[in-house]
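Some structures to go through are shown next.
Both complexes shown next keep subunit A, but they swap its partner, so subunit B is in the first and subunit C is in the second.
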Partner chain A sequence: MDVTALQAIAANNDWMTIFPELLLGCVALALLVLEIVLPKRLHASLPGVALFGVLAILPSQVMSFWVGYIDGDSFNGLLHHSYEGQVMRVFFLLTAALVCLLGTITVARRKVAQTEFYHTVLIVTAAMMLLAQSNHFVMLFVALETVTVGFYILVSYFRGSARSLEAGLKYVIMGALSSAILLFGIVLLYGVAGNPSLPAHTTAAMNFDELAAFLSANPHHFLASVGIVLVLAGVAFKIGAFPFQIWVPDVYQGAPTPVTAFLAVGSKAAGFVVLLTLARTFAAYVWLTLPVLTVMAAATLLFGNLAALTQHNVKRLIGLSGVSHAGFLLLGVVSAATVPLGYGAVYFYLFAYLLASFAVFGVMAHVGGPDDADQELTHYAGLAKERPFLALVLAVGLGSLAGIPPLAGFMGKLFIFIATFRAGHYGLLAVAVIGVVISIYYYFGWIRAAFFADWNPAPAAPARPPVDLATRVVLGLLAAGTVALGFYQGPLGGWLSGR
Partner chain B sequence: MISASLHTYLALSGLLFVIGFFGVLLRRNTLVVFMGLELMLVASTLALVAFSRYNGTPDGNIFVFFILTVAAAEVAVGLAIIVALFRQRHTVQVDQLNSLKH
Partner chain C sequence: MSNLPFDPLLFSIATPLAVAFVIALGLPKRWSVRLAYVGFTAPALLALWTWCNYGAAPQQQGYAFLRTYSTGLDQLGIRLTLGLNGISLPLFVLAGLVGLAAGLYAIQSGAERLKIYLMLLLVMLAGLMGVFASVDIFYFYFFHELALIPSFIMVGVWGTRGPSENSYAAMKMTIYLTLGAMLSLLGLIALYVKSGASGAHSFNLITLREIIAAQPLEVTLQQNIFALLLFGFGILVSLWPLHTWAPLGYGAAPSSAAMLHAGVLKKFGLYGLVQIALPLLPAGIAHWGWLLGLLAVVGNVLVVGLITMAQRDLKQVVGYSSVMHMGYAFLGVATCSTLGVGGVVLLMVAHGLSVALLFLLATSIHQRTHTFDLQEMGGLAQKTPVLAGFFVAGTFASVGLPGFANFWGELAIFVAAWRFSPLFTVLAVAGVVISAIYGLRAAARVFFGPSTDALAKVTAVHPPTDLGWSERLPALILLGALFFVGFWPQSISRPLNATLAAVYAPANPAAK
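Our next item is the complex of A and B:
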């Protein structure tokens, strides 16, 4: 390869397109430097630096909607900048800010290294933002692994707690297994698409556009279909879809509460962005992907809801209910194959899920006692009397997760159901409605524990420290946002109907 | 000189992958489980290099470097967790690690 070719490649590296990710990386490194440089008494301000950094990057990210590199490629096709990708970047930045805020409640309570937590959260967020825009299997794999390895560290962050470490080990084994399966699928697709004896073979077989062109020219190749199934299985592990959901309850319970929130919202959203991108790439194999995803969606919905029914630990409950939410999102992915509304419905659902989940996790971080893995439903007894504000936020969050009418979660489910109905998957729709009915039961069990007195004298709940003003404001905003998004969908709604 | 065909490489890589997979599922010792995981990654790497050689596209070879780096990071974090867990529980057997129950 001569010098001019290399220069042409280098000129295509448009660094400005990944400005927010670069800034996040700089803030993350600056945190580590500041910890060394600053005197000990100023260390308490470092989470504030992380939070401020994320909030400062957010406007520059929103600006990128108008800068005009939407619908273009950069880095020689490694990244593709779509409108959805920009929306998801905002989503991940919001997630990072909220996780940092939860960190100031839960992580600050423990005697562990503080700064590295925020450092890892920021790095993982940057990787998620790149993942949402990846258009090449190397980019996808490296970004996904950065997210996964970051989560290994975060899940086992409470090094003194055997439960956190055990959850970390389980996540490492399951995460590495899924990565290996995903990788083998990628390798098979790469090998088949580059095979010189097949029609429309390509020299850039890992690029999604080239791969999609190859797949539509060979719509029934055996090795390619094995590769597609393996790739989908690898992604299904990350989103916690049936039958790859076995790690979810244990890991969600053992992980520190902010990390559980990050897993539930950030990791799941990243998985679904990847799934939507891949579903578009594998469009020619819809005869294969559609049945696989349909069965997976139905099984995930039923399993998640039925398993959540019997849980007493709220972290396990929220994990298994998260499995059922993955089922609803899969419904959107399935219908997106034929109805474009499905795409918008998935993104809207993710935003509604973000608001409601962080409202609930914010309350969990406050109610949870010194042992982070041990958060029982009985600990919520008398919450409404002692901390009415927290109980109200909890009720709004759980109501939205259950899909109670005026709230955002209801609109999210409605969009998904409309898309499913238009796509003609009536069987799936019936399963989803059964799922909603079951989920109302266990979500209201939780609300009842917080609002109504219990006959049995409850085991002593951990003391509930007063809520500081900043957290009050944020929790109030999350609850208000959940209510507001239910009535008025704003630009998101316009985007949905415009598609 | 004996030259192996692409199918030979793919068969070997598939075999390694299956051995690794069942090693992860069936073995009780965490360290052996980790060996299984590494075997699965190596199987992918072998297939990747074989494909890259027979298709005449270089990006497979380059991808191998990324995979090696990622695998190293994964093992570094994984072994750190195993060591920390062993200090707490004095065991690395999967079936004895069951403190997370409802």
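Our next item is the complex of A and C:
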């Protein structure tokens, strides 16, 4: 073993750059230790420990915006610490906190192992945070696999439920397939870039900067373009973009509601961060990536919206609507190739999506009965009368997802539209407008189910337990944040529009 | 009067929103209602204050009361800029007055779950005040959409038809309006991106005017953007044949929502055409003017006019008639002359007041007869003379009798249209006869003639009382404003002429 190399690693401060991830890992391990050490009656406090851990890491992460390592590499170029990466770290920490909170509602209702749920969520979150900063295919693949393997466990977490198990199996098969495709693409790129007969060949082709330099020296290499398409296909699986969206409705329905939320928000956001990084790396092949992503965006938008139209099960509905949101985000990625505003638009859209989605999932966690895979639109009948607070949060969340002003979702869509218009993709814009109009039907159909008097007697909905104070505060904050971000974009808006 | 210590425009938007927020926090019902009075009255008073002080207020680039607030998107050229010019001033006042009337009527209506009802109305009102006070066209659009969710929920929950019909009407209306809004949003973004090709992107109307005056857009581009705006706004204003959501939605909407929607919100599209599309895209209206005139006269005025004559349901008559009268407004837009556009603004104010009055009275009639079916009514005037008087006055106003505001608007449009196309003018004037026929026939059916058996049965159980003061006050506000503008149209037309001369002169040198 090379001792001097180890000494060098220990002496430099690279570890400092990933301290939020390290801390998350420590909290996750501490949870397992505490479960063994603590007496059984104190086990109920473990979700609180997880939540507290995440919330304690959040401010230190926010402080990292001002430390020196931004715009630098660490671990020999495995990680690149950009400003966007820091923003996404905050995003994933927020996601983790909210997923833990939903877990205290839904997971606590079932007779399953409790602590391991929070443990897995934290590990997956740490992997997502690394993913957002990865600058090397090895880092990217390892982080992505950690996320995916974590999700295999989480999706089938309700072992007693056939739907949850089925969803887990589907996700394993689809996930393994997509990982294989991604890996194949990576290997092709690595192999091509190492070919000594080509100009600018490199042995370090796993590194994005080196790869980008190689690609720009060989802008029309056939094998490289096959590799790029395969890598994009692998990522498309993760974000649920057409034609790799087929797993979405079943997995979203079967997974426990907090996991569905985690998949919808965290996994999708991670996929888009990777996609943006890769799009930048593959900039020399824009002649290839642009048409591929354009067709993908249009098809994803139309498929998501049309398929969601006929759904009665709200979890399938939110899953398919999530596919259409992936389509909107893809518009941002496509326009980001030529218009820098596209990047900012994607990040803003993700934040708006986080707020609105968790508002809706929070309501779903309360309305869902003992079998939360089986949540129909009719279960929402009379919600406005019985629980006006939940109905209001639901209306704000769905309105934001539908993109109605003055809610944050509208601003996200607006930025994406402006970026797309500047980039000159008028056809995509037309598809997006059709998508928005179609989506009004199912989003407002859901609001209608919750608010309007029902004229055909609905089957009995599961009892709706009262909302406890902490959840009430959080849901209220999510709804208020959605409204506030719609009215006032403040520094976030300044940051994204100043790019 | 001296200057206010605060921005009247911002407060007229923020007060209803703040009141709605406080009610949402869980204020008890008694206090909610008292606070709601403040929320409805403040915008109206502030609007009247701006009207009285508009002449004396200092003007900046054609706008009075101009203020700018940053929301963090300065680099995109989006800022909350509030101000009034001669075109937006009358509509701003209209929004305030109709909002007050609708609010007062809603408070006395004793609707189920009154708190939420008032809250939604307040949000809608805030949006309406914002539409006409915004100089930034992004916020102009933004505030319009703010009123969409409330109207959807109000039609669905407090609708006056059966649950399934309410739900259908709410859905259809929302999908149509979203389609119209999305098309016009694309048009606005196109205007924003294309005018800012040099790098100075701005949604601010004043800046846009300067940029485009210095360097007009190319003709085909103007035509394409105008098409987006025309059909987008057209759906929102119920341009034939995209009008079918309007009678259905208004028929199902509760009275206050119908008053605000038909009276004010619908004017958003026309206002957008007059304030934004015509001055900035003169080649667009030159290209699309004939089609617009044709759709307006043949579709909105004649076809919808004849359909209105065939209606048996009182609310449907009012709903269809409001679609029909939009035909005159579109005709005025098609002429693209200062006179015609001035007529459109006058007609917008007049129609907003009169249609709100008629929707209010239709609900009051329904409370007394328990039906909207004209065949089942009759002879109500003997029992409720005041109600009859208001309704007949409202009908006269809507028909366009001299002495009411509507007359001046229609007159100006017809004079301007004669220069545009004598044939269209003749057809449009024929429409006035149609509207007189259905208007007077509806009034006669409800209030005069013998009482039907069905009605006698209802009135035997619930003896009809005449209009009380709580219902009379909102009706009086609207009728008083109609008379005021009818006898003194200069109150609107003087600032309007000044603005139109300034705004239309550089873009359209041919216009008079």
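Going forward, the second predicted complex is superposed on the first by the 486 of 499 C-alpha atoms of A that agree within 3 Å, B and C clash if a C-alpha of one lies under 4 Å from a C-alpha of the other, contacts with A are read in each partner's own complex, and residues count from 1 in each chain.
What we mean here is this: a contact is a pair of C-beta atoms (placed from the backbone, for glycine too) under 8 Å apart; a residue touches a chain by one contact, two chains touch by 3 or more.
Here the structure is a predicted model, which means the values were calculated and not measured.
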- prompt: Can A:S156 be said to touch subunit B (first), subunit C (second), both, or neither?
  reply: first
Message: Output check: A:L469 vs subunit B and subunit C. Expected answer is one of first, second, both, neither. What do you get?
response: neither
Message: Quick check on the superposed pair: does A:A176 touch subunit B, subunit C, both, or neither? Answer first, second, both or neither.
response: first
Partner chain in contact with A:F184 - subunit B first, subunit C second, else both or neither: first
- request: In the three-chain superposition, say which chain, subunit B or subunit C, touches more residues of subunit A.
  value: B
Query: Can you pull the subunit A residues that subunit B and subunit C both touch?
result: none
- prompt: Which residues of subunit C touch subunit A in the complex?
  reply: 24, 71-76, 116, 138, 141-143, 145-146, 148-149, 152-153, 156-157, 162-164, 166-167, 170-171, 174-175, 178-179, 182-183, 185-186, 189-190, 192-193
List of subunit A residues in touch with subunit C within their complex: 341, 384, 388, 392, 395, 399, 404-406, 410, 414, 417-418, 421-422, 429, 433, 436-437, 440-441, 444-445, 447-448, 451-455, 487-494, 497-498
Message: So in the complex, the part of subunit A that touches subunit B is made up of which residues?
response: 137-138, 141-142, 145, 148-149, 152-153, 156, 159-160, 162-163, 165-170, 172-173, 176-177, 179-181, 183-184, 186-188, 190-191, 194-196, 201, 203-206, 249-250, 253-254, 310-313, 316, 373
Message: Looking at the complex, which residues from subunit B come into contact with subunit A?
response: 10, 17, 20-21, 24, 30, 33-34, 37, 40-41, 43-44, 47-48, 50-51, 55-57, 59-60, 62-63, 66-67, 70, 73-74, 77-78, 81-82, 84-85, 88-89, 97, 99-100, 102
